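In what follows, chain A forms one complex with chain B and a second complex with chain C.
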Partner chain A sequence: MESLSSLVNTVIVVPLLGMIFAAIAKENIKDNSNNALDVGILTVFANLFILWRLALKIDVTKDGWQIVEKFNWMENPKIEIVLGIDIFSLMLIAAVHLAVLLGMIGVRHYAYRQKALVVLSLMFLSMINGYFLASDFFSFYIFFEALLLPLFMMVGIFGDVKKQQILYRFFLYNLLGAVFLFIALMVLYNYQNVSIREVNRIVLAGRGEVLIWGAVFIAFLSRIPIWPSHYWISSVSVNISNPLVFIIANIIPLSGVYGLIRFFPVDAPEALDPYLLILEIISIITMLIIALIGFSKKDIHYKIFSYMTVYYIMYLLGALLPTDALLINIGFSFFSYLVIVSALEVIVAHIESQIGENNSCGVLYSIRRASIIFSFLILAAIGMPLSSMFLNNMVIFSGLLKFNIKMAVCILLAIILTSVSLLQQLFYLKYPSAEVLASPRECCITDISLKMFAFMLLIAILLVLSFINPLWFIG
Partner chain B sequence: MLIKLLFLILGAALISELVPKNKLPVLWSLFSSTAVLYFIYRLSLIGLSPEIYINYPWLKIPNLSVNLEIVINAANIYLVFALLLLSLLVLIQNTFGRETAKNSVNGLVLLNLLSTLMLVFAGNYMQMIVAVGVCDVLVFSSIDNVEAKKKYIYANFLADIGLLSIFAVILGQGGGLELSELAKYAQFGHHKDFVAIFLLICVFVKSGLFLFHGTYIGLYSLGFNRLNFVLYAATPLTGYLVLLKTESLLQISHYSYPLMQIFSVASVLWGAIGAIVIDHIKEKAVYLSLMFWGLVYAYTAFDSRLENLDFSLLLTASFLLSQILMLIYTAASNETDVSAMGGFLKNLKFTFVLTLLVLMSYFSILINLSAVNAILAWSGVILLLIVSAHIFSQILLGQSHADEKVQAMLKNPSLFLCLPIAVATVLICYYCKIAPWMLLLIMTGWLMFFIIRPLRRLDALYENDNLQEADYISMTYDLLIVTPVKIFGRLLWLTVDFVFVERTIINSIQKALNFMISIFQHLHSGTLSAAILFIIFGFLVVSIVWCYGG
Partner chain C sequence: MLVEYIAIFPEAWLFFGIIIMCAAAWVNFSGTCKTFYAISKWSILPTIFLTAVFYDRNIAAIWENNDYTTFFKIIIYLFSLSWIALLNKRFQNREKQSFIYYVYVLISLLCYSIGLSSREFWLTALAFSLCQFLNVMLAKIDADEESLHRIRYYRIFVLFFCFLLWIGILILYYQVGSSNYSDIFTFLTTNNDFSFLLKLSFVLIMLFFLFAVGVAPFHFWFAGIISGCIFPVAGFLTIIPSLGYFPTMINLLVNVLAPFYEWFVPVMVIFGVLSIFIGAIGANSEENLHRLFAYAELYYIGVFLTAAADMQNQSLIGTLIYLLIYVFSFFGIYTVFSGCRNKGEYVSQLKDIRGLSTQRPFLSAAFLGLMISLIGMPPLLGFLGKLSVVNSLVAAHSYGLMAIISFSILILACAYLKVITVIYFEPRNINFDRVDKNVYIYIVINILLIAVTILNPKYLIHDVEMMLAAIL
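Right after this comes the complex of A and B.
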């Protein structure tokens, strides 16, 4: 176990090293070489290998951090950086790696500032790994904020026409969250310096309890697409055409859900009970509104965003139930969910790059490989038994139903609406209308490359394996 | 042995799926058929009362421990045989028929066979739901028409979500995963009416009963063999199997049986009417299947559940009747309208004999079922007699309305297509006890109806385009659900996102920030008024601290 503990910080360090190598990689625009991207892909694979080694040593039946590593940062005030890993963090880290890997594969033919894109995405990967591994106040807060920095720069560089407005919203909402969390953590640290998992044991006096826990809640909620903070995430999603940036932007809500799960693994503080009901009501209303808007909109990015929102909120509500029994199911489900959405986005970006401003109706009809993968992903996304989402979502849903059947029925409605709107999109992209058939496209549409198809098939197999056994990689 | 046989089918399925679409299709089809035939042979060796029980721990994650169960016993052996026989018939028709993607369809048929078998074997509802879901994905893949695909997946996806929700309710209340434990839900469960009614609606959707039959009517554009496969060996069957496995849940609500009675009787009647008045031969086949599934559900609804042997025989007979329609369709050079047929008896004598054989077996099974529920059985006999006599007399008797090409090409389909149907019919006759006098009486009645055609006035309805092309269910669905939801979604986007968040909240904050920035800019402008303002502000802060600070 001693030798393994160093692997925990390696998970953070490897992407940073990769980032440096990518930054100094030679970029030759003339022969369109992807040195930086190759470094990025290699780094992700290397980290996935390290994660697998870690996974082999983790006892899945045990609760709590399993491999813990401590560093003394300062003596006065006493600041200690503590990193740890459990199966839940591991599943999320693996999912984020695969999502970023998919994004990198998806941007292989994007020539515009590819090196910057790879460098920033590796930086993001390192920061989010740190966030999932952090088990003390300071590293938790540092990584929580630091993971926004690369995304902020990415939106600035790769954003579309309205990027100034988006950056403004991005800054506004996240500043609010950052300030609230900073104040809350400072107060909590003053009370008692404990690990993140024990933080809910801190007993605060009087009104302070509501204010501090409320601030923590608002900080995390500002990252989750719950009304009205859904607006900045939806703006980013709709206005970004680069698949890697889109994927990273849509991983941000995960940091909010994860924060809430880590701070309140079993139950939110009693003082917040009256407000929790309000939060749940707002969450469900948001789910329904976003699902309805997604159903009525034609933009596939918005449909994917609406799908992601509904599921994020469902996982959040599952995490807020007064039990920690669902935690592992949420982890397993998150894994497939992130991989599916990322792969979908890569295919969508490929389609958009092929058709430009033209009508996308029936575009998949002429590109068979992309069509097969897209159909599979949509079927897996809507909850067919093709990924770990199928059974684990059922378990999460059973928890929600047990808790409040009316709430669960509303969630069900939202899930149905988003799934149906994804199916609509599948049919729209896959089957040309009579008008399109009558006047075939002038431009030639290229299918995804054989390499990419093989990689996507691997992802599909991975998803099916996660359905058969979510922990297949450790036997 | 059983595991090896299941793997044999899986192997054959994967090979069929992986070999290129047009690479030696007949050879690979024969290989698939042989694999199923071998399965039947090996299974027949262990007799009709086997006791095979295999329990394999499949999934062991927190909150969920699922076992994969493979059980073959006297209770389900006939169903297993029926499924194998139906799949074999589909594969053989595929081999010698006009299917364009033989290898791919064979693979899907075999995979569907496996998933349906897993459903038959299921002892827990996780295995059951997974088998149902896999079957849906496979059938979805086998449908090669966009509109049909859309209707199919929307309906069945909703049904699957419904099933998942029902079992999530049960799981949430600590009901365990075993299907045998469902009976206890009446003691500890909540939301009993919700569970029972929702379950019924889901199985109705899957089986395509009345009001939900639009899903299958839309399949008329499929090849006939694929259509028969979907109607009898795939999704509707899974719906009925789910009902059989979860029937104990229906008893927890007072509404479930009356609801099932209404829907099953309506399905039988609607199926019979549709089969008579609709011109398209494949749609007729769909309505016949609606009639069949309605009848099967009616037995459960009226508390006279069919034995596995009876159900298996009835399923096979109904499938064979649909196959006969397929033979006629093939013989008539894929003519789809019955109104464009007529007078085919001269050229299709062998097919007519085969039709009589299939009908005799069908009637025999229904006569046998009169011991279970006489009213239902005889109602089934009468309706089948009227409907089938009407359809076949239109096709085989009278004046020919076929065009010259069809008439010139008209001949009995090849022996390879007819022989399997004949053999399967003989098998049914072997297993059901035939009452010769009763059968003679019914067949005489059938021949009378066949020759006299008392419903011939209804032929005029074939000319009514409104009736033939009407799709009331889809129209209602679009009008009542899809359009309002889209309009509502658009309105929400305009009011919540655009007007409220963008124009009100974000704009207000932006203006407030701009206002503050302009104040600070003004303060830092270095003018005398700014300096005085600063001094006043400083005095204000000092005064506040003086008054309240100490």
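Right after this comes the complex of A and C.
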């Protein structure tokens, strides 16, 4: 394993190198060349190859970090940066790479400041890789906060956010969460410096326990669209028309859920129990409200956002249950979930670019390739037996039903609402109304290219494989 | 022994440079701005070299060169040299202005150097009083009527606080019988019962330093003066004085007035916290970039003061690391400013840099990186400063102060976000002039140093520890 340890930091370094190459790539607006984008895509592929090499060496039967690399960063205070990988983080990194890859393919025809978009995406990719690989307090915090800068810049430049206040709030809410985490980790570090996996060994006395673990909780919750921090994500997400930026913005809640899973692997400290109950109630209310809004709104972006939020909250509540069995399923479920949502967003962006301000009713009727992919993705998204989400969600649900039946029923209700909402959208886009059929569209609508279709088919096959054998990628 | 006087050779060289410059001005005043710049450069460069060579030479009990003084002197010289090199074109065809600027800068450097190494209170007071008056004179260069009005007020305050300093020193001299640091320290350690007069002298001396550093509530002069200055002076006054006064204040509190100091800690903390809040809130209300960053500086000075308040080893290490990083970042920011010109004039208003990223992406990226670094966001250098300071506060169980410093950055972040938004997300309304290649060179060096330091901060921390060991 030691010979492979350098590959762990390579997963962080490769996107950074790609970022530099993309930044110096020649940009010719006249012939619409996509040099920077090509560099970006190549970088993602390179990293996927490295991940594949790492995946081959990982033993799923073993618990804990399997390939670990340490750097002595500082002597005073003594800080050692520890990077490690396990199957859970590997799955998430792979999913994020595929999501970003889909996003990059989706923005091929977006000429507006493409170089900046690619540079920032690669920076984000590097930081989120670091976050998933972080095995000690400091690297965890460093990457947790470092994610913010590329995201803020992308949302600011490409997010079509009309009110600056929303942007400020977006950044400040997240920064506030990071400050909470920083304070908590500094205190924990000075109290007992352990790795993240051993964090529940730390026993704090009295109020300190509530304050510190509470701060950690708030930090991660600031990234998840739960009241009161749901506002920034919804305000930002619904305005984004660029698929890559939308995908990246919606990966951020994953960082919150992942943090909670890492810090509270089996159960949260007892002192937090009363607060957890409040959190669960707030989560379920948020979930139901967002599902209802998603159901009532016609905007497909909001429907996707509502679907993502409901699932993120479900994963969060699943992660808080006192059983390890759910965690691994959440990890595998995330893989399919991110890939499905990203592919869905790319197709939606294509449809929107084709219809512009016109009525989108029945638009899929005339574009068959996009229609096939879109239908598949919607069915997979709602949990049909087309991807690993089917099996993993079933396990998560059975866990939820076992431990808290009332909560499980509420979650099920929210999921049904979002599923119906997505199906409603599928029907709306697929079957033109009599009115639309009577007056055919003035402009011709182009289907997705054959290359894109082939790529999407590959993604679909990948998802089906993940259903047939959810652990196929491990070998 | 006469040979001991070699310790002041660097300062003598600087003084010689000032004489040469005055002589050059006396002989021929027309077309000499380049000559003044060259003399300044060749005065500072050998001074840096000589300071490094004679880093441990002392003159009996009145002059001490050690790692600590040498480190700060070299940093002051380097930043000053870089600054005057960067902006020498500003004084083209402005002979009188250039002479005044360069000669005052050299005298200021001489005074800061004397203040740092001196072991006699009267000499320190003389040097720093002169520095204060030189600040006034520098601020007057090419100032408009409104600024001159503000400078007049500032001059009155300078007079007042210098007066306080001298009164404080006289009282101390009257009580102790000497103005030498060692004698004062010996006297204070052997006499535990401090009279009212002794305490008064301490307060008066501290008041001067707090005013000179620009801590709230003595900050009123700083933002006003900075916003009215010409750009080279604004940059100089933002970066250099904090490198002169702050280390000297620490040296005095640790090595001379330490027995006195304990009861003053809460006062320092209050001033520090006040500065943090006034700085962070003030920066948000500003549209003038110089004023905005002057308030930001107030915030950082507040952080330094709060973090170093207990004057313990760990706190001082954290504070000095943050101080160096802050100075470095501010130098970078002012370097970027020097590249932002419209029709030959340096831009100073927030609205003037709208859409800078569309025409000058490299400058904008540097600006963005430096500002994000100043917020303390990882993986940039500012994080290292924040980490050092917060860690020292947690180690000292000062959780309240840690929380104040950590959360108040959010307020300051709003001001920086405003700048970032203007640069990146708003359309451009003016054309920026071609950027001097020196600006790019400086920025690249700055970025490289930042990258090296963040990847391997051990060198910086080790240097600060070594430097502090000389005074602790």
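Just so we're on the same page, the second predicted complex is superposed on the first by the 472 of 475 C-alpha atoms of A that agree within 3 Å, B and C clash if a C-alpha of one lies under 4 Å from a C-alpha of the other, contacts with A are read in each partner's own complex, and residues count from 1 in each chain.
The definition used in the following text is that a contact is a pair of C-beta atoms (placed from the backbone, for glycine too) under 8 Å apart; a residue touches a chain by one contact, two chains touch by 3 or more.
Everything numeric in this text was worked out from a predicted model, so none of it was measured.
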Given the touch rule stated above, what does A:M74 touch, chain B (first), chain C (second), both, or neither? second
Between chain B and chain C, whom does A:V187 touch in the aligned arrangement: first, second, both, or neither? second
Just to be sure I read the superposition right, which of the two partners does A:P385 touch: chain B = first, chain C = second, or both, or neither? first
Determine, under the contact definition given at the top, whether A:I289 touches first (chain B), second (chain C), both, or neither. first
Residues of chain A touched by chain B versus by chain C: which partner has the larger set? B
Regarding the shared-chain residue A:Y258, is it in contact with chain B (first), chain C (second), both, or neither? neither
For A:F88, select first, second, both or neither according to whether it touches chain B, chain C, the two together, or no partner. neither
Does the superposition put A:F158 against chain B (first), chain C (second), both, or neither? neither
Mind working out whether A:L167 is in touch with chain B, chain C, both or neither, as first, second, both or neither? second
Can A:Y431 be said to touch chain B (first), chain C (second), both, or neither? first
On chain A, positions contacted by chain B and by chain C: 168, 172
So in the complex, the part of chain B that touches chain A is made up of which residues? 58-59, 61-64, 66, 126, 129-130, 133-134, 136-137, 140, 146, 149-150, 153-154, 157-158, 160-161, 164-165, 167-173, 190-191, 194, 485-490, 492-493, 496-497, 500-502, 505-506, 509-510
Residue positions on chain A within touch of chain B in the complex are 168-169, 172, 227-228, 231, 234, 289, 292-297, 325-326, 328-329, 332, 379, 382-386, 390-395, 397-402, 405, 408, 412, 415-417, 419-420, 423, 427, 430-431, 468-471
Sort out for me which residues of chain A touch chain C in the complex. 73-77, 116, 141-143, 145-146, 148-149, 153, 156-157, 164, 167-168, 171-172, 175-176, 178-179, 182-183, 186-187, 189-190
Show me the residue ranges of chain C that touch chain A in the complex, using the header's touch definition. 317, 361, 368, 372, 375, 377-379, 383, 386-388, 390-391, 394-395, 399, 402-403, 406-407, 409-410, 413-414, 417, 420-421, 424-425, 457-458, 461-462, 465
